[in-house]
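In the part that follows, the structures are each spelled out as structure tokens.
The same subunit A turns up in both complexes below, where it pairs with subunit B and then with subunit C.
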Partner chain A sequence: MSSTLPRNYYDFFGIERKLTVDTDVLQRRFYELNRHWHPDRFTRKSPDEQAQALEATAILNDGYRTLRDPVKRAEYLLTEEGFPIGEQRSKDVPPELLEEVFELNMMLEELKAGDESTCSQLEGARQNFLDMRASIERELEVLFAKYDAAEAHSKAAKQALQEIRGVLNRRRYIENLVRDVDGALDPSIAVAETAEDRL
Partner chain B sequence: MGTLQIDFGEDRKSKIVGIDLGTTNSLIAYMDLTGPRIIEDSEGRKIVPSIVSLSEDGKLVAGEPARELLLTHPERTVYSVKRLMGRGVGDVQEELKLFPFRIASDSESVIKLNLGDRTFTPPEISAAVLRQLKNNAEAALGTPVSEAVITVPAYFNDAQRQATKDAGRLAGLEVLRLVNEPTAASLAYGLDKRQDGIIAVYDFGGGTFDISILRLHDGIFEVLATNGDTHLGGDDIDNLLLRIALEDVETEWGQDLSQDSEGVQRMRRAVIRAKEELSFVPEATVELSYKGKTYQRSIDRTLFDRLIAPIIERTLASCRSCLADAKLTPEQINEVVMVGGSTRIPRVRTAVERLFKAKPHTELNPDEVVALGAAVQAGILAGDVENKLLLDVTPLSLGIEIMGGVVSKLIHRNSTIPASATETFTTAVEGQRNVLIHVLQGERELVKDCRSLARFDLKDIQPLPAGMARIEVRFLIDANGILNVTARDARTGKEQTVEVKPSYGLTEEQVEAMIQESFDKAEEDMRERQVREARVEADNILAATEKAQKNEAWEALSDNERRAIESAKRELRAVYHGNDHRLINEKIDALNHATQTLAENMMNTAVRGALRGTKID
Partner chain C sequence: MAYSDKVLDHYNHPRNVGSLDKSSPNVGTGMVGAPECGDVMKLQVKVNPDTGVIEDAKFKTFGCGSAIASSSLATEWLKGKTVDQALEIKNTDIVNELSLPPVKIHCSVLAEDAIKAAIGDYKRKQPAPEREAFSVS
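Moving on, here comes the complex of A and B:
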């Protein structure tokens, strides 16, 4: 048994470094690797082996969480390929969203001023953002395929990654907008919604 | 003649036991060749009440004897201590209104309870229950028991888990794994026979509520989501009924019984009896005869159901959150398993059935199923059960405090454990040697709304200009759901010292000191017993000598021999009241030696007498 564990999630699962992943295969590998590595299987082994099992299952579980989710998977691969997505904060509005953000802020101000009638407008805005998110997801699928078809580290691959980074940033921005709307509509929901990534 | 030895081979090895350390009751189980089995005490009882009392001679007694002492010596007795595990005084103010916990004034991050004139922490109290279970198991199995799987509510946080582990260590048990109670129950049910499916485990016990949703796949039990409330259980129902009964008494007797701890305990028993009856009959009576007065009140199921409706609704709200986290609808749940004594309540069963649209499993005794599951997990760890594997999750998100009192989440709730996250920290001023990291658990955004776990002090950082140090800190939640933190200097790769200051609970040093104390205590107990035994033997030999001195054989001794015996007697009496058993034994030997001729003479006299046919005394 090798004493050094692959740190890269794709390598650990023994799958190709592609953005499109067969989640059934991933789940099967997850179960197989757990049967082998789970700390329960190492109770009667040496402390070193126990430590390695703990390490391996931590990578396995972290990796499964990352790879089974398209957005987290893309973010991970971008970082691994040298395209860190960085800290996208609400300050930098993507140009194509400027108009929506302006209108949303107006509505939020009105609601804060006590105008309850903006609630239905906000609902409409919320739906609009959810639709945008859905279309982003379709956009991502296409870009994933584009990256997977390109040769690794080629110019085409890099270009695809750059495009994906842009789309992911836009997506994250929209996520924050949905959160703002939810928080304005029902402050008690805000806590629950922000607790869990809605990915 | 030697005795026949039978070698049971593998079976002789010391067993890993499975323990359900409950709020109200505790059980211990093990795996035999046929499956998991609950271990009974010497009187055939499976349940050990989680009640602990300080006896007159300063020892902690647990279980049935303590249950009796709860009535006669309530001020030295404590129950439901699981509610206090891993909590601080500030957390338990609500609890204090309803439970007769006597919190010592010097309680800070660890609660201390007064029992008589002494104080004990919750892990020490729980350790007394565990010790009782361990003794029962050792007596029944005939082997020492030193390794255990202990179950905890799925929704227990890090401090509560750590406190449970501490209790195990204090009881002389190596806790090989903490298993979540609902997950353990699913193991006991053997639902993996159905190959694939989604199951929900509704675990409503004495003091805690958990809901877990699992995916079963070819022997793998994968928890998808869990939710719950570590302060919601049958206890709360008892308290509702108790409050009504005490109000009645105040009106009827004109007396505030709530100030009389024995009266309250007797009434508590009466309402519990009525509550339990109501699971089987439509109407029950709360009855109490106390100090010449009697109280009677009948409660029917309609009233009972109305009383407990808000409690049931709280459990259902947890179930809905859990379904949402698992991204499932109730229709997608194939089977529902009921665990915990409170699931005997018919109203609970119908509410769960309605929510999940599936008839819940109640075949196994809801009091025993968790301990049975713990034994199966023990079998998995021992390598005896090979086809099953549990993949559990962490119930609460883990984060660190960042600027502005905000929590930045590192590991989200419902992540499969072990799980990890790495963060890089740096220094804010030139030459800074320490970085303090505040770790919290909870779902809220702000530090004040989350549960503080501990502060980790990264020490001995190489002095560098501000922002130049790079300390990589790894947060790892292990398979027990307990956080481990390690740090290394990313520039040099050197391991960095991390000092842990737990916010609630005992420090490593405190646990070590308690273990040492219990060893010392055990030694002290052993010495005391040896002294007592030596004195008994001294009594015997002194009495025998006195008696022999009246025998004619005494007269046959020389003066020297007689003087030697008298002096040996005196010497033995001189050390008799001392605390050194070895000295007493030494003098016993000396007297034995001095009286050897006397004994021989007596024997000869006896033999001669017997030959002559005369009877001697």
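Moving on, here comes the complex of A and C:
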């Protein structure tokens, strides 16, 4: 019987559980592991081993997609460390953020209701959102370094994760605003998003 | 996925969209959000301070149709209820009324949170109940 595969993506790739990841190293490990687990190399092996190779390839692909993207990587680590992004109640979201997002949405709605003349204002709003997103990415980089410098599971590490979750929440909202303003500027994007998706 | 006629109706003709004077002592405001789907919901109630009955309710939601329908329905239900009755509204009532699919249950939770936040805000604005007990009508 074959040994069990590491479930954790970091362990599977044999890299440290840090938020800052050298993507060149990650990519090298991906190719190595991909060659090692390639199903073609298992055609003459037992059904058990074939099944395991298939499973390993699936973990490898999911893990690579997750770890190479800073936001997905952070969301993954947050979940692993007990700060799942998807199971928050409103009380976890600071009121200032909700106020800010609400006001931005109100402004965007007014602009969208306007005639052609508001088009340049919409462009301005879009640039503003993109700037916000860029500054969020920089904020994340700083927080990633803060988490990585802290001892695993320490108070400082937990504190950093909580801050990261807050920043990711804000990022999600800004991301939605970008999509929204893109749809307003180019109706063909909005059409691509069907009515069903919005419900 | 099929959506109930009631969701579509509230989505296409949302009830009570708008806002009330946030600074009024009789108005309670609840602002809640679900970051994972990017929704933000504002719900307000205007309470008659003598009777404790909600005279008006308004909402504004940026989010999916189910979130809009949930908050629209909530404002309809709130009108005419006392603040204590309002707190009894459960997200499951909204789920049943709108036949929300499982993936949209969080939208109804958001609406329930918004009701609680609005009533909580109204209650915070009121004078302490001990003092009220002395007033003779």
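Heads up, the rule we're going with is that the second predicted complex is superposed on the first by the 159 of 199 C-alpha atoms of A that agree within 3 Å, B and C clash if a C-alpha of one lies under 4 Å from a C-alpha of the other, contacts with A are read in each partner's own complex, and residues count from 1 in each chain.
The criterion applied here is as follows: a residue touches a chain if its C-beta (ideal position, glycine included) is under 8 Å from a C-beta of that chain, and two chains touch if they have at least 3 such contacts.
Quick caveat: nothing in here was measured; it's all calculated off a predicted structure.
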- Message: Contacts for A:Asn169 in the overlay, against subunit B (first) and subunit C (second): which applies, first, second, both or neither?
- Response: second
- Kindly classify A:Ala150 by the partners it touches after superposition: subunit B alone (first), subunit C alone (second), both, or neither? neither
- Kindly classify A:Ala58 by the partners it touches after superposition: subunit B alone (first), subunit C alone (second), both, or neither? first
- Message: Per the contact definition in the header, classify A:Asp40: touching subunit B only (first), subunit C only (second), both, or neither.
- Response: first
- Query: Which of the two partners, first being subunit B and second being subunit C, lies in contact with A:Ile15: first, second, both, or neither?
  - Reply: neither
- Determine where on subunit A the residues touched by subunit B overlap those touched by subunit C, and list them. 196
- What residues on subunit C touch subunit A, complex-wise? 1, 3, 7-8, 11, 31-36, 38, 40, 42, 60, 62, 64-66, 109-110, 113-114, 117
- Where on subunit A is subunit C touching in the complex? 85-86, 88-91, 93, 95, 97-99, 101-102, 105-106, 109, 168-170, 172-173, 175-176, 196, 198-199
- Please give the residue numbers of subunit A that touch subunit B in the complex, ascending. 31, 34-35, 38-40, 43-44, 54, 57-59, 61-62, 64-65, 191-192, 194-197
- In the complex with subunit A, residue positions of subunit B that touch it: 176-177, 217-218, 220, 325, 377, 380-383, 389-391, 397, 412-413, 415-421, 443-445, 476, 478-479
